[in-house]
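In this document, chain identifiers A, B, C and D correspond to the written order of the chains, with residue numbering beginning at 1 in each.
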Amino acid sequence: MIKIGIIGYGYWGPNLLRNFFSVNGCSVIKVCDLRKKRLELAKKQFPSVGITLQAGEIINNDEIEAVVIATPVSSHYSLARRCLLADKHVLVEKPMAKSSREASALISLARKKEKILMVDYTFLYSLAVRKIKKLIDRNELGKIQYFDSTRINLGLFQSDINVLWDLAPHDISMLCHLIHENPRSIQATGISHTVNKLENIAYLTLKYKSGIIAHISCSWSSPVKIRMTLIGGDKKIIRYDDLEPTEKIKIYDTGYNIRSEEKKRKLLVSYRVGDIYIPKIDNQEPLKEMAEDFIKSIKSHNEPIANCKIGLKVVKILEIAQRSLKSKSKEIPYQ
Amino acid sequence: MIKIGIIGYGYWGPNLLRNFFSVNGCSVIKVCDLRKKRLELAKKQFPSVGITLQAGEIINNDEIEAVVIATPVSSHYSLARRCLLADKHVLVEKPMAKSSREASALISLARKKEKILMVDYTFLYSLAVRKIKKLIDRNELGKIQYFDSTRINLGLFQSDINVLWDLAPHDISMLCHLIHENPRSIQATGISHTVNKLENIAYLTLKYKSGIIAHISCSWSSPVKIRMTLIGGDKKIIRYDDLEPTEKIKIYDTGYNIRSEEKKRKLLVSYRVGDIYIPKIDNQEPLKEMAEDFIKSIKSHNEPIANCKIGLKVVKILEIAQRSLKSKSKEIPYQ
Amino acid sequence: MIKIGIIGYGYWGPNLLRNFFSVNGCSVIKVCDLRKKRLELAKKQFPSVGITLQAGEIINNDEIEAVVIATPVSSHYSLARRCLLADKHVLVEKPMAKSSREASALISLARKKEKILMVDYTFLYSLAVRKIKKLIDRNELGKIQYFDSTRINLGLFQSDINVLWDLAPHDISMLCHLIHENPRSIQATGISHTVNKLENIAYLTLKYKSGIIAHISCSWSSPVKIRMTLIGGDKKIIRYDDLEPTEKIKIYDTGYNIRSEEKKRKLLVSYRVGDIYIPKIDNQEPLKEMAEDFIKSIKSHNEPIANCKIGLKVVKILEIAQRSLKSKSKEIPYQ
Amino acid sequence: MIKIGIIGYGYWGPNLLRNFFSVNGCSVIKVCDLRKKRLELAKKQFPSVGITLQAGEIINNDEIEAVVIATPVSSHYSLARRCLLADKHVLVEKPMAKSSREASALISLARKKEKILMVDYTFLYSLAVRKIKKLIDRNELGKIQYFDSTRINLGLFQSDINVLWDLAPHDISMLCHLIHENPRSIQATGISHTVNKLENIAYLTLKYKSGIIAHISCSWSSPVKIRMTLIGGDKKIIRYDDLEPTEKIKIYDTGYNIRSEEKKRKLLVSYRVGDIYIPKIDNQEPLKEMAEDFIKSIKSHNEPIANCKIGLKVVKILEIAQRSLKSKSKEIPYQ
């Protein structure tokens, strides 16, 4: 039975607590938050759990083998570092840290200490993303050509990070998970309509040596909520709409083979070229799968799906995007 | 009765012919094309119309007061120039010319000759765009903040122009028509998946001094056809979906007034903030309205809605976008 | 070259004229209508066609081999009868006649005269219905269990027929075409909100010996236009949405095989059981196919798809439905 | 503090327990179920609650003022009767009882004992239904003409009741709540595709003296889940789609005033006549509102919204529908 402590019981904390409670082979024994009210809430919902205002009481507790960190991003590095130094396995909320330097340092430390360091990219555990991963790995799409994601809604205007750092990590982590290639260049543009100058609308473009283009459109200012990703290969194209209750993934035949023969002349294509296939995707809570993968990784010493390398890569891409935003939106090589 | 000649009877020609036939106060007396078969088709459908293989027979025909040019873009300049020199009013297909230099030269000539020079931005005559124009001009949206357009489908891979020159003119003309301000900078990025290196996926971003950002996403490689534009003001936001048969325009209350009071702290906003209103938009053929505006302008000596200044501005924006595409996607000032 | 006359040039007439013009192997030589204005319109669009105010000039014209009757339903019988007596092939608009007695008499006469008698059920020629027919005939759906159709909109309140006679023929003809079995009983209910007592909302239910139930919901009073049909088999279920531009037909796996094993106990089924498949359906004008089938039938002496037996059956079903409406909605056997 | 006992902890029980826990002014002190496993589950989630296998321990507990009965419908009558005799207030799951005789008897007993007897029509507490109620009561729709509901999905084939008793109560309770008039006649038709002869597809029609027609279409055999209700008045029409996350209620102008002037002649109406308005409906758990209404009614001695008269009426309508199903679907007067 792996004993777990949770540091941070804000918006996401209750979901983590509830899910770790339902995973076999572990038990949450203590929750920490700086706000007494939040702790009372945890106690009310889960009377068996211990509560504390001091992170140290979790970090220095010898019973506890693994710590879940769900605090604001600015504290991720110092808390995760302390936990690793105290020989705990660590699961940290996304994004992993506020810079790639911090993220790299944590990775080195975890390696030295031989501990699991994982980032909560819940998204990668959804059955829809798993299905997409399978289709790509089996080469059903053919050569990947583009990834185009729209993630917009009337959103929480964050006071410390812009819309890219808030919304794009979902798509970037998916991209890193699905595409086995580093981007060649990164470019971003955006606008702020608030006094704090943090972008509330932004567009991120990644280019790859193999010819893939990835474009991510983020906004907190859209009256319509959209979560739509197109992943185009030269054989098939996937449309992934995360808000669709029953048709999350649609697979379109492109009919590109027809086109290649006619390469030299114009080609008028109708609305659709081929058939569409909609696989059944079961409903299941990805957060529970993520929690299970953390426990499994601790036991097996294998890397989890949402591993720290993806965590680092996402932070790196966001950093370069930030530099592009400040450099007249120009493309910056991903070194 | 204004007598009209049409040069070019390809894909769009029959629509122009049919619509000018139905407009009062004008009559199409001659159609020219280089392909005999196309002319036979015109004759079959409209037995009263004259046909010719020689553009000169239209340009030098003293009876003809106005000429409609529906040929490939490379010939727009020379044909329109000849027509203006021969004292004809000219309606030219979009885009107006293949460079802003050409477009400017035509405008100067038209001014000197005191002739109408109009570009067929049919789109601007649709009742949906007219409704949007009215809403913006009455300040119902409040301060405009963004314009975000997606125009993607499995499309005709053009052999002479990239996807921006093919699809973006619709959105750029709408932008020039709706926003009474020149952009400050233009930036574009894209990719080509074909041997001819013409982009089949591209993204265009325009920034304005007043804080507006405009983003246009174009693709010939999407299995889903989307024609969706969001126009966001600080009071209301319009969602314009041109493929919707009955709900083309949706107007969303943003509830931004509530937000401004809470500017300093975070704000969690739900799916929707306010009510939605869907005005009834009648179905009507915009091409006929465009044809009528051409005839009306000739008679009244007033500028048409789809005037040559918009035509020039669209070409200029496309030219700068092209330069950005070749300069690591960086922002280029619109001079 | 089969020469054709058209009697009746109202709402549907121009579509018939245009399509018969484009069919090879026939030519429309004369059009008749009681309104001079309509004839002038025909002449303007098709200068080569003759016009007349006298149906007799078509019926007694020896050159004419086939007549298309597109007049109000009350005149179908007498006009079709005169045409058949004059040895013409006849295509009559739907519904075939205002009673089954009339329809039967026309069938006998056509048989005696060895002429084609066809009803314009354009619908049966749509590629969507053809695809459904193929799927059913290949037994891909398994045993058919139900047919459920909704055909509602804000409609033309007809002054001579109720909503069932106006809208249901589309569904009933489809039903007769797809299901190779006569109904066992017919039942209808409805309401009139107008002074003329003609139902503007009505529901029609047909039961079959094999266990099929068919239900057709018709309304002229719905603010939403719906054209949706579910055809359920024990293996697969088709959803046919005629207003969908690109996904007219969706084929659902039912997963019934799983269920049958658990017949004896309750079964909680989620939103969807199996995969969905959306075949590509080309866009094509069914009216042209119908026109071609008429000409082909005349030449080959074979029955057309939209044959007079289906025409008679539709009228018979409507007649019985009418009796049920007047008999406290009770089920009436289809004899 | 009103003390509550819950009898029955099956599918719905946990939702009831959780919601009554969150209501102020009451506390659930004991839960009863015949299955030990279910009780352990309750205990795990709510350690403070008492558990028992004996309903008597709740019914005869003097501390308990109010009992919630969430058992199968066959036991509703006897349990509710025992609770009322023991001077408890009673909230019973829908449908209230298995016959109108039973429901009437409970109502009489509750009246004699001066206790609240309420039926859990959660639906009536949804903000969407509340909005519709307000619109109708303010006469915004004008004279109501029809109510048309579709409630279909791939469903739980119940082993004791048919699809009407399973799904229609939602719509019938809404109908009784919204329309202040008893139906004049009831008619039902349907089919069973299973060996137990319980209808899995059924259609229910109610007619009202004032000219309203209500039609409810129920199916456990549809691959598509639909929850759609149209409520048509002569001024406005509401479309209520319960599966829509953000546009549950759409209000359509009918434009009927235009029509009435032209009553005598045909009227061709386009897709839509007037504008559409989509009010914002907040998300909120109706079950909590229902629980609060129960407690409020106990304290104030006022009738709850989901009162026992609606409960009785629903059972009565279902009974008559059942008789119509067995009498060749004929209309039966509602006495």
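Just so it is clear, a residue touches a chain if its C-beta (ideal position, glycine included) is under 8 Å from a C-beta of that chain, and two chains touch if they have at least 3 such contacts.
Remember, predicted model here, so these are calculated numbers, not experimental data.
C-beta contact counts were set side by side for B-C and A-C; A-C has more. Put simply, the chain farthest from chain B by mean CA position is D.
Centres computed as Cα averages put chain A at a distance of 53 Å from chain C. The geometric centre of chain B is 41 Å away from that of chain C, both derived from CA atoms. Shown for chain B are the residues that touch two or more other chains, namely 225, 245-246, 270-273. Chain contact summary for the complex, chain D toward chain A: residues 47-48, 225, 243, 245-246. On the chain D side of its complex with chain B, the touching residues are 245-247, 270-280, 282-283. Remark: chain C residues 145-146, 148, 150, 153-159, 185, 187, 189-191, 193-195, 201, 203, 205, 207, 211, 213, 215, 217, 219, 221-225, 230, 232, 234, 237, 239, 252, 254, 259, 263-273, 327-331 touch chain D in the complex.
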